[in-house]
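Next up is a structure, given as structure tokens.
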Amino acid sequence: MTTLQSQPNHAGDAHGADGAHDGAHGSAEHAKYPFLQHHFDTPHHQFDSAKLGMWLFLATEVLFFGGLFVAYAVLRNRFPEVFSYSSHYLDTIMGGINTCVLILSSLTMALAVRFAQTNRKTGLIICLILTFMGAIGFMVIKYFEYSHKIHDNLVWGTTFYVPPHDAAGELEAKELSVAPTTSITLNPVNPAVFAVPTLAPTPAVDASAIKQASRAPAGMATPTQMAKAEGLPTGEHDPSFAHPATHLVDKKMPANSHVFFAIYYAMTGLHGVHVLAGMVVIAWLLKRAIRGDFSSDYFTPVDVGGLYWHIVDLIWIFLFPLFYLIH
Amino acid sequence: MNIASTIFSNLLAGDPREGRTLWLPPQDSNLAVNSDLMFWWINIICYFFFIGIVIALVILVVKYRMKKDRPFRTDGPLHHLPLETTWAVVPLLIVIFIFYFGFRDYLNFMTPPKNSYEIAVTAQKWGWLFKYPNGATSDDLYVPTGRPVKLSMRSSDVLHCCYIPDFRVKKDLVPGRYSYLWFQTDDVTPEGWGHNLFCAEYCGTGHSNMNRKVYALAQPEFDAWLTAQSQWLDKIPEEELYFRAGPKLYARCQQCHSLDGTKGIGPSWKGLWARVSGGEGGDGKFVDGTGYQSQIGAGKQYQTPEDYIRSSILNPGEHVVAGYANAMPSFKGQLNDKGIDAVIGFMKHMDEFDTKGKYLKEVPPAPKVSMK
Amino acid sequence: MSHTATTSHETGGKTPGAHPIVGHLVPTWLLVFVGTSLLMLTVITVAVRYIDIGEFNIVVALGVALVKATLVCLFFMHLRWDRSFNTLVFVVSVVLVLLMMAFLIMDTNQYHDTQFDGNAPNAESTLQANAPGAPVARFKPYSP
Amino acid sequence: MTTINLSQPLDTAARPDNYITHTRGFMSWAFTLDHKRIGVMYLVSVLVSFFVGGVFALLVRTELLTPGQTIPGVTADVYNHFFTLHGAIMVFLVIIPSIPAALGNFIMPIMLGAKDVAFPRLNLFSYYLWIFGALFTVSSLLLGGFDTGWTFYTPYSTTTPAGGVIPALTGVFILGFSSIFTGLNFIVTVHKLRPPGMTWFRMPLFLWAIYATAIIQVLATPVLGITLLLLIVERAFNIGIFDPSMGGDPVLYQHFFWFYSHPAVYIMILPAMGIISELISVHAHRHIFGYKFIALSSIAIAIFSFLVWGHHMFISGQSPLLNTLFSLISFSVAIPSAVKVFNWMSTLYKGNIVLNTPMLYALAFLVLFTIGGLTGIHLATLNTDVHLHDTYFVVAHFHYVMMGSALIGMIGGLHHWWPKITGRMYNENLGRIGCITVFIGFNVTFFTQFFLGSQGMPRRYYDYQPEYQIYHVISTIGSYIMASGFLLTAYYLLASLFGGRLAPANPWGGRSLEWQCASPPPFDNFSTQPRVGDCYDFSAIRWDEKEQGYVVDRALDPTLNPNLAAKNSH
């Protein structure tokens, strides 16, 4: 262990240069920059620390989603046919539009950082607003997608096999008691509600539910629709897919098709939550920007918030091909 | 060591077998031999290092206690690369050897011989069902000696784990999958003794009572037992069914259903028949709000009480009694019609049994049914 | 850690003028260029989806995604000019995910054959559910 | 907390303004950004949870005195709730935050020579996250408790009628994020707030350990987060990723869970190892032996910890291929562990050992960790693990590592830094007695369980075969001995707050920076930036009668006095 004094160019010293605090210099800087916290010495020092912290946080985000990506990989590896089939129920065009929206909002965010760095307040505000609009646009499109899927009974769990639009279906959905509608009302006092019979076997109900579904229950599958459903599903523009629960009358539907939608809702749902969080962050940045907190000296929040927004974009960049672009 | 082992082995009451040590139960399967050999080798290595380290610690601490009068000695070495490298590498070499032998034996454990005698195992909360090639079923595991036995196991609810300490074998039962276990035992289980079979994967309330016995029989006895076992139910005349078969079958139900009225995982069978047949005990309710009376009876979903009981056995989730979780597994494929009749008869004549399910009247001499 | 020190001088912490005292100033044209190329790539990858090139569909899709991700990281997220330690942190996290994925795929592929396709606990009953779309219990005998 | 010093008047000469007296009142603590106060709050919370978890442990042990029911009213279900709570509380509320969040928060920035952690607000935030997580976990009791075992294995956890599972999962989820933010904070602190001269290889080994731990916390815990999240939606909405009847796979859950929970074991043990490095070298007044090997072995363990999770699943239906891989990699952990143990021992060689309480704890750690580590070999070996897996052998093994090592190390560290934290000295003799009692009690309790396990007693059993009873009785008696030891410890530590003599700045003769500031430390740690020397060079240490503590003769320190370094270079 060589000493600092004897070797000024020691690696640790070099590190000290960017991460060091030495009393006198520090106090002067603190007088100069009000935003500088007491335990940092220079704005540069503070900025660097914030950046490192944020990147570590992004790493945790990656691993957080990573779990779901792994689950996706395992499921797709096990049911390739399910994924190539079910992905045709997703609307590639809508997904593509969403991707573009997110990319644009990412761009505006990057520009926002630049405007902050160059002391152009109006530019910063405009860019932040644009980014926020992008986030809203994304969520709106996602909302339409979701509601359409749910209307088509393209949902997770056993409900996937239960046509919701006739009384029998509703009833059966209740019996299976795995429909979100019945389980969301978590009433812990009554354990029966919690005993979601995933494994407490109810074979008759289960199988019959599936059978009846495939037999195209009353009022659902007119011969024409049956005929439509004969052919391979060819994507959203095929009218047969516009009809509720068409997948149930499709003889070509592979087993366990619900798995695709389970992981689809899990991943896009979690991503949606992150978009919402991002909106909160952007709104907060906007407020501070309007107040005029940011300058070429101090724009760390904009930069860090931007990083977060970019990672949200980044994750979607992978979600898009993994769900929408399966041939 | 030896004294201790004898003490402990004496403490384990009733075990007629030799060879229990302080650390391990007797070896009763071919797999146990290598496994134990490995275990002892690792133990010896552990003793060596542990004792060495402790002695060294004592010496160091005693020798280098701080003396008040003399100043700090600062002549200790700061580091010693060769030494440190040595004690980084030596343990590695040792453990690599250990890994190799462990791995070799593990492969053997993982690959059941082709010619092994296969027994189908189904686990559910909280019991085991063993199905033999000729369709016989049993609650305890009976295996022939002198030939490899392969258990092909699956669970019908949650994770379970089949563990037979004396055989040194263990494997999880994962719902949705088959898992396999094999062993070969050569010595017949002594009379009045049985190897333990535990569930080693936590599975809830009855986890610790989900244990059975394993009996190893010589091939001829085993075959005899097997034929008897496959026919025991058919041999019983209808009118004797409920008190001969009832209690035996109830053994599979007692985890959840009491006979003395105490509320278990499931409703007690005390006064059950009165309840379902609309007698005293009132009109019970189901979780979905409907009552027995509105479900059972001519023209209802269940024509008769028997009909209701039967469907509750085969398809328990259909109507769950209010105040209970839908926790009962289906006994479809495990209980044939005659078995169900026996259970229903058992329920009807509840007053002829004590709270443990023991028949109170004396049982007339039975047709030969060897149940060990 | 000396490399971080050198990059810190790249980031121009001390350079005077309109340039901020911290961080790196990315020229507008570059940002816009990256943005447009990202949009282009999106259009391309969507187009490819409708062509059947077998295995390559997923390869192309993920390849394009990878390129897009790299662009975002390097330019939007300033990694191109940032401390290399930040890059390291990010890369390590991705590597860990890939590692986990690799192990799990390896594992599940091994015991795939001993698994039912759904409704496993009641295999008998589902075997009778012969309707299209019904989960079918398929059991290949396990051969070690 | 402020009562500590209000309890008796301080002569301001001996005790200038410090972090406790700097500001007063509840609010000044609840909203403090001072890492020391946050550390103290963590410490109190963790110790309270430790008490609660300990009570559950005693209940479990007592219940196991006889087969079947022992304590009236404790049915199998109640028992299941007991051991689940014991496990969950001890792991998530006590051991994981104990050293990094509690002691680490207090000591780490001072040791480093920093004014505070990098993100003080985040630090406070993660403390309150801990509080909320704890509240959620405990609130699950009111909602019906959870009897899933701390591992939450599905399908049981998704189907059990117990009502408190989702609150408990949420609680653990939140706790995970508390842990993440602490780790993040520490990494940035170590990277960015080192004063001039505090080079990487001059950091005290405790900091290396904390740094390695932080890496694991940041990289592993998110996976736990997503796993619990999936479990929650699985239970609430039956989404079916882990549910075989929906095409899911329970073994997938186990993979996910252990991908975090194995590294978590090192989150527990690594900081304890760091503490031991400090204790041994300070109380032996001897330069640590093989500094670099110990430092790097911490990082090595952090890296290995991500590659061995599968050894928890040897018989769980994981494929033979991966079992083999994981078994092989698991053995590689033996290297850094062996390096540490042997280096600590050679640190004693030619030392000046003082057998006071922290040192006794350090020695206890060495013995217990050796046993825990060596029995790990039985479990990492494939064929012996088949027999031992999920038996009491495993229980004994991980108690030796998690409690015998991690917690004993934490308590040793607590005694080591107690004078610094509270400014009071505890009763040394009672300390020694307490340590020895705990050590004896611990071994009686858990060494017996090795026999119990290898004789075939499965874990998590409420009822058991009568043949096992003798072992259980011995084990339970041991647990009572241990409990009495801990109660004694609690007593004299609390007593020291009120009656204890004022602690000198440097009671043990340590060289690292925290011993250079007064005890308790001033509000901003260092009025003048300390000059960093070799924190393990004790040649400059002298006992001072007047001070009743040690003083550093800085002129005698070769690292601070180059021309001296030229003279006596070893």
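Which chain is which? They are A, B, C and D, in the order written, and residues in each are numbered from 1.
The definition used in the following text is that a contact is a pair of C-beta atoms (placed from the backbone, for glycine too) under 8 Å apart; a residue touches a chain by one contact, two chains touch by 3 or more.
Just so you know, these numbers come straight off a predicted model, no measurement behind them.
Averaging Cα coordinates per chain and for the whole protein, the chain whose average falls nearest the overall one is D.
C-beta contact counts were set side by side for B-D and A-D; B-D has more.
Once the centre of each chain is set as its mean CA position, subunit A and subunit D turn out to be 35 Å apart. Per-chain Cα centroids separate subunit A from subunit C by 14 Å. If you average the Cα atoms of subunit B and of subunit C, the two centres end up 45 Å apart. Looking at subunit D, one finds that residues 155, 159-161, 191, 200, 219, 223, 244-247, 249, 251-252, 291, 317, 320 touch two or more other chains. Residue positions 11-12, 15, 18, 48, 52, 56, 59-60, 63, 66-67, 70, 74, 78-79, 191-192, 194-195, 197, 199-201, 203-204, 206, 255-256 of subunit A are each in touch with at least two other chains. Among all residues of subunit C, those that touch two or more other chains are 1, 85, 92-93, 96, 100, 104, 108, 111, 115-122, 124-125, 135. Subunit C contributes residues 1, 85, 92-93, 96, 99-100, 103-104, 106-108, 110-111, 115-122, 135 to its touches with subunit D in the complex. Residues of subunit D touching subunit A in their complex: 114-116, 118-120, 122, 143-144, 155, 158-167, 180, 184-185, 187-188, 191-202, 218-223, 225-227, 229-230, 233, 235-241, 243-249, 252, 256, 291, 524, 528-529, 532, 534, 559-560, 562, 565. By the touch criterion stated above, subunit B contacts subunit C in their complex at residues 110-112, 152, 154-157, 175-180, 330, 332-333.
Within the complex formed with subunit D, the residues of subunit A that make contact are 1, 3-6, 10-13, 15-16, 18-23, 37-39, 45, 48-49, 52-53, 56-57, 59-61, 63-68, 70-71, 74-75, 78-79, 156-158, 178, 180, 183-184, 186, 188-189, 191-192, 194-201, 206, 255-256, 258-259, 262-263, 265-266, 270.
Contact residues of subunit B toward subunit D in the complex are 8, 11-15, 22-25, 31, 34-35, 38-39, 42-43, 45-46, 49-50, 53-54, 56-57, 60-61, 64-67, 72-80, 83-84, 87-92, 95-96, 98-99, 101-103, 105-107, 109-110, 157-159, 161, 163, 165-166, 168-172, 174-177, 179, 196, 198-209, 211, 325, 327.
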